[in-house]
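Following this message is one structure expressed as structure tokens.
Chain IDs A, B, C, D, E and F follow the sequence of writing; residue 1 opens each chain.
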Amino acid sequence: MDLTMSIVIIGGLGVLFGGLLAYAAKRFAVEEDPRVEVVTDLLPGANCGACGLAGCSSAAEKIVAGEIPVDSCIPGGKKVADSICEVLGIESVASGGRKVAEIHCLGTKDVAPDKFDYQGVRDCKAAMMYSGGFKACAYGCLGLGTCVEACPFEALSMGANGLPQVDTEKCTGCGVCAKACPRNVIHIELADRKAKYIPCNSKASGKVVRQACEVGCIGCRACVKACPNEAVTVENNLAVINREKCTDCGKCVEACKRGIIKDVGTVLVLK
Amino acid sequence: MHLLAIIFVAILSNNIVLSQFLGICPYLGVTKRIDTSVGMGMAVIFVMTMAAIVTWVLDLFLLQPFGLEFLRTIAFILVIAGLVQLVEMILKKTNPALFRALGIYLPLITTNCTILGVALLNVQSGHNIIETVVYSIATGIGFTLAMVIMAGIRERLELVNMSNYLKGAAVTLVSAGILSLAFMGFKGMVTL
Amino acid sequence: MDRKLVVSSSPHIKSPETIRSIMIDVLVALFPVALMAVFLFGFRALATMIIAMVAAMATEAIILRRKNLFGDGSAAVTGLLLAMTLPPAPPWWVVVIGSVVAIGVGKHIYGGLGNNIFNPALVGRAVLFVSWSTHVAGNVWIKPVPFGFTADAVTQASPLVTYDASLGDLFIGTVSGALGETSALALIIGAIWLFYRGHIDWRIPGSFIGIVFILGLFDGGLYMGLYHVLAGGVMLGALFMATDMVTSPVTPAGKLIFGLGCGIVTMAIRMFGGMPEGVTFGILLMNGLTPLIDNMTLPKKFGEVKKSA
Amino acid sequence: MRESGLRMALTLLIIGAICGGLLSMVNGFTAPVIEERAMTEFLQALEGFFPEVEDYEAQEIGDEVFYYCTDNSGNFIGVVGQVKADGYGGKISYDLAVNNSGDIIGMRISSHGETPGIGDVITREEFQSRVIGLNYADPISPGVDVDTVSGATISTGGMLSSIRRVMDIIGENFMTN
Amino acid sequence: MSTLAQEFSKGLLKENPTFRLLLGMCPTLAITTSAFFGFGMGVSVFFVLLCSNIVISVIRNFVPDKVRMPAYILVIATFVTITDMVLNAFVPELHKALGIFIPLIVVNCIIMGRAEAFARKNNVIRSILDALGMGVGVTMSLTLVGIIRELFGAGSIFGYNIMGTAFEPMGVLATPPGAFITLGILLGLFNYAFKRLGIE
Amino acid sequence: MSERTFVGGIHPGYFKESTSGIPIAPAKAPSQVIIPLQQNIGAPCEAIVKVGDEVKMGQKIGEPKGFVSAPIHASVSGKVSKIEPFNHPMGTQVLAVFIENDGQDTPDEGMKPNKSLEELTPEEIKAISKEAGLVGMGGATFPTHVKLSPPPEIQIDTVIINGAECEPFLTADHRLMLERADDIVFGLQAFMKALGATRGIIGIEDNKPDAISSVRKAVAESSGDYNIEVHPLHTKYPQGAEKMLIKATTGREVPPGALPMAVNVVNQNTGTAIAMAEAIKLGKPLYERVVTVTGPGIKKPGNLLVRNGTLIRDIIEQCGGLTSDARKLVLGGPMMGLAQPTDEIPAIKGTSGVLVLTEEFVKEQPIASCIKCGKCVEVCPMNLLPSFIGAASEKKVYDLAEKYGAMDCFECGCCTYTCPAKRPLVQWIRIAKGAIAASRKK
């Protein structure tokens, strides 16, 4: 008796709900793209905002709808972009190599003095509101760590020298830090490039730089002349190295009297 | 008077979260903002009451007559899961506005132990249908109350410099503990 | 110019008041209360207060890895107020655990001074109450012996159980009870100091005591109204603990609601509940509601015409 | 037709039937054990109160049950009430045993919601010893005739009031001599 | 295969259901007043988890997607009910202590979570290993919380008096507030420990 | 017997004694003035002189580029030596006209008396104020002619002269009220006529009883048929903030985000009134103003009549120079003034004070957590929740900051002044305002 009734009741309830659900599923069907959910799962879920949207799920929606490119998620990189392509059944786009943040300032406290004592909120943007920042160099890093705070991946830390350090392992190249920095000290670059680079951001004239910083680029063009590959140019008083042309020969490093030309990597991992 | 006592006990002195430990998962998960915790609370009140009524009827007319009380767990949960899914589908189609307000919480609710817990408590303590309805609504209100208080606390803690290790679930639990201490003050006021 | 100037946001002058000066003011305000406790309950009361304060300050110093024991003074206030809610002579380890819980759980889990949601001293007391009720509630109230600094302890029931103390005794404090709660007189003197220094505002104590009095009227007329205000922890709670700025609302309307809530819960517990004393639970509960209250009572901006909330 | 309604219903029917059947079988196996255990447990409890108990007869008074116990010669040896008291955290269920001269000889708390460390003193010797030995004719007014436990006045007071009430019932219904 | 070992070990620490995934918190709080109850609950969850993981991974290919949830729930509820009846018959003391939290294992997020996230996508072997790891993880966690609460709240562990007779237990640990606070602090400590050990 | 006041506010130390008794003295004209081409809120000016040009004192050298702007005039006679960016009190670099002073002070021909006030039409008064480059001298440097031209649908009925001078340390307005009361009354009459207002009010804090009686006397002696009242005000910072002043004198409350004209009021500083009077009576444009040079870091404090474009360093030198422990230079008062990184900064139309603070004022105190004492809430004259705005801004949750009223803060500084936890509330609020404004623009 128990046995049959149990079977009948639970089985019956099963049928009832199976049937009801089946009916309801037809009757109340709502169009929804199931791929959105799948794509959301694929995204890293850090909700970092590097894609410029509110979070990963809205990015997924827009990606599926084709409103933004499949490789919009910078932290996810090529891997995620490829798997999204797979889901959406479109051909993989060749998104460039992995990118990382690079700090373009070597003006530590010892070599680039402050012009006045700033008191108040310890935040670079806040400090910028008072006479354009306390550092004598109007382009250098203020060292209050707004970028460190902004990084959604804990890839930045404030070094003992008062400049932010990038942990290239953790950095996803999302660029959130670069956007947060009020002095545009952080550039996003290819991770595995072979080239020298110039960790200075000063577009001031050589005279001004000399007063404000012991190491900053003064735009003297010694490196331009030294480079056999025409990889170095000076724009706005600041030398820039073209990574495509640079062969990493090191001639410019010898030429620079201020010693500001560095190997990619040496400064990046400085701890 | 008896019904009032049920309400008092269910909301305050035997609060479902703070002294009965049911529904802790959403309590930790959905109390980040006040408005979402209100939404979740409303959804719980609705589903809880509906589920309690249906399971009460089921128990009285199907399980008890055949002496099949041992099937309560399985029968109830089946009914609840089915119901929630049905409601979700129907809401989505017929009332998209309400669905947007409550719908996102519905899937969470199936696996929320308050619903099954209250359904079981109702039949175990021999409530009649009126008591069942009152008890379920009051319990839902108690749940919402606890949720909203915690959401207020957590919104404030958002603006606070505290250890990252304790942020989130850990501090929520400690706060729940102190709140639960405070709610203990209501015990002994009304006995059922 | 030869010197480096300082640049900061306006304003360029600041009031001399600091957190530390406020906490010292609270300690000063509690001095008459402490004096009264020693006067009534003897040196054992002094020992309890010192143990609580030192334990609280030491806990905080360890958590913050701070050398200075006193620091900003808030731990000392917490310790002293915790002692004020305890019987004259609980075992020393109960007092120490109370202080550790108050500072550790009540305060530093939330990130320390200013960030806690619940009144630390009351968290400490509530935990003690539930853990060792025999030591901090029940048969522990010592009969006061004025000037009997080393007199033997004789226990006596709390006036909230017997309901037979005279209003005069309750006002002066010559009744049994927790260290800091018996003497309304000393509490009022202390509170006047805080009021004068601008650290407390009339709203919380006013609404708290007011509603207790009004509800007390229903419990037996004017006499009971006054009795409920004077007996037990209402005065201590309303003047020193509900007013803890960190854990009470900042908005003026919020303060009124907060005080009312504390008073109503206290009286509900006293009149219908299982225990003689509801102040601890009333305040803790309202502490939990404080963020919501603040949010619901945003003040009307200058010049703003009536707009719903 | 893979996702048809029929298939859905059928799947659930099969799973449901299997589950139902399985449960029923397990129940058939455990139910007697549970029942038997409950019986022996109760009998053991009765024996704990009255070692010489041989037979008993249940009698429902209000919503509480009283067991009228007799020894092997059928003599009335005492009553055990399965009764309830109002505690701090809800109802306290307990068994109260009274011998044939109306003295409480034992009690056992079967379930309660009192605060551990405070109200659960009712389960301990400290409180129970105050109750054991009381006669149905004694006054049992809480705090007056029998001391409550301070700090747990509600729990112990509630117990004492309930005992008073139960003793009245017992006196009325069982103590005919 | 090393990944199989991972399937098992992840539940112990890295994805510990209690301290990392914060699942099934209700019983973790409610019934851990003693080490034995914690252990008993852990084992019950373990049992249900194992059985349902096996069955679900076996039937996963036959169940239409739309009725996936009801079907899984049926399976889980069956094992829960069996646990309930068996405990009631043979370990009545535990059954009484765990009370309503036994039927509520049905909705314990760990079990449904594993069914949805794992068993439905993986074969039987992997599902068993997953269940074993998660089950051991839950049992360990619940027992740990139970030990702490019993030790300080009653002075004993698994019923054996540890603290001596002079010890006056800290009653609050046996109450709901104590449960919340203990678990909160433990969680904080675990977060700290995990960070220190580099387990993300 | 002072007026009703507003809720909130603070009573800081006033520090006014060191300068309030010292009569205004003209400052020595420097050998070179550096006149920035941006001297008011609104659009900057365009230079209308070239390097090498000879200019006369009072000659227009900057022509406004927009409606909300006022012309700029030379403050000395001499030769324009260069026009290039230079430090500006706002903390930026702004194009400035450098004039080598020939020491002659040759006046410009344009500087000649106008018709009498009775004969002038409102339009003419507005034109005079515009040509004279009048801007508000109470701090915000809003072009006066704009204030005198309300939209046609608004009829201004009351003009208030702000003689509150509630900022600690500053005494320039106080001295002006003692020494130039008749011109203040004349200026007010001009404003009233320009706006067709029927009521004039001069509000003065009651800690300046001598100024009150001096102005009362001037009102009594004034000619013309104007209804002018002198209102003593409760001494409390920020009594001089226009919304608070309007509330205290007329009982009207300017709604959040609105201007005084929303309640039919226009409000002008005493200095502006005198500049108006001088513009009418003498045809003199605004090229010099009274500056209080004060603070514990100044050796010989005083009130100086300073030419526009004089370097602060020169001004300080004339006041005996700095003491050895001077550490902070503020232009304006201590509550709202701007701290400067250097003293190589020219005085401009809005420079009401040069305040030098010493070591003891700049000791940096650590920022503690908010203890929610509510003192900032109590003192906020706008009735905002500074503590929560600050906390929200600290955590960069700007929508919450907005909810608690960030956008209605006028940065009076009461909250920061009073905060026992030493929280930089105003700075956080400013950051939040910037962020909110930026997100609104999007």
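Basically, a residue touches a chain if its C-beta (ideal position, glycine included) is under 8 Å from a C-beta of that chain, and two chains touch if they have at least 3 such contacts.
Treat the numbers as computed from the prediction; the structure is a model and nothing was measured.
> Tell me which chains count as touching both chain C and chain D.
Touching chain C as well as chain D, we find A, B, E.
> Any idea whether B-D or B-E has more C-beta pairs in contact?
B-E
> Taking each chain's centre as the mean of its CA atoms, which one is farthest from the centre of chain F?
D
> Please report how many Å separate the Cα centroid of chain C from that of chain E, as a whole number.
Using C-alpha averages as centres, the distance is 41 Å.
> If you average the Cα atoms of chain D and of chain F to get two centres, how far apart are those centres in Å?
Computed from C-alpha means, the inter-chain centre distance equals 85 Å.
> Centroid from C-alpha atoms only, then distance chain B to chain C, rounded to Å. What do you get?
Here the centre of chain C sits 34 Å away from the centre of chain B.
> Counting only Cα atoms for the centres, state how far chain E is from chain F in Å.
69
> Among the residues of chain E, which ones contact at least 2 other chains?
Where chain E meets two or more other chains at a single residue, that happens at 66-67, 70, 74, 77-78, 81, 85, 169, 171-172, 175, 177-178, 181, 184-185, 188.
> Residue numbers in chain A touching 2 or more other chains?
In chain A, the residues touching two or more other chains are 2, 5-6, 9-10, 13-14, 17-18, 21-22, 25, 115-116, 119-121, 129-131, 134.
> For chain C, give me the residues that contact two or more of the other chains.
5-9, 105, 109, 111, 115, 126-127, 130-133, 274-275, 294
> According to the definition already given, which pairs of chains are in contact?
So the chains that touch one another pair up as A-B, A-C, A-D, A-E, A-F, B-C, B-D, B-E, B-F, C-D, C-E, C-F, D-E.
> Mind pulling up the chain F residues that touch chain C in the complex?
That would be residues 6-7, 10, 12-13, 168, 243, 247, 253-256, 258, 313, 326-330, 332, 334-344, 355, 357, 361-362, 365, 368-375, 377-378, 381-385, 387-388, 403-405, 408, 411, 413, 416-422, 424, 426-427, 430 of chain F.
> Enumerate the contact residues on chain E facing chain B in the complex.
Chain E residues touching chain B: 22-30, 69-70, 73-74, 77-78, 80-81, 84-85, 100, 103-104, 106-109, 112-113, 172, 175-181, 183-185, 187-189, 191-192, 195.
> Provide the residue numbers of chain D that touch chain C in the complex, in ascending order.
Touch list, chain D to chain C: 88, 115, 117-118, 150-154.
> Touching chain D in the complex: which residues of chain C?
Chain C residues touching chain D: 130-134, 137-139, 274-275.
> In the complex, go through chain A and note every residue touching chain D.
2-3, 5-15, 17-19, 21-23, 26
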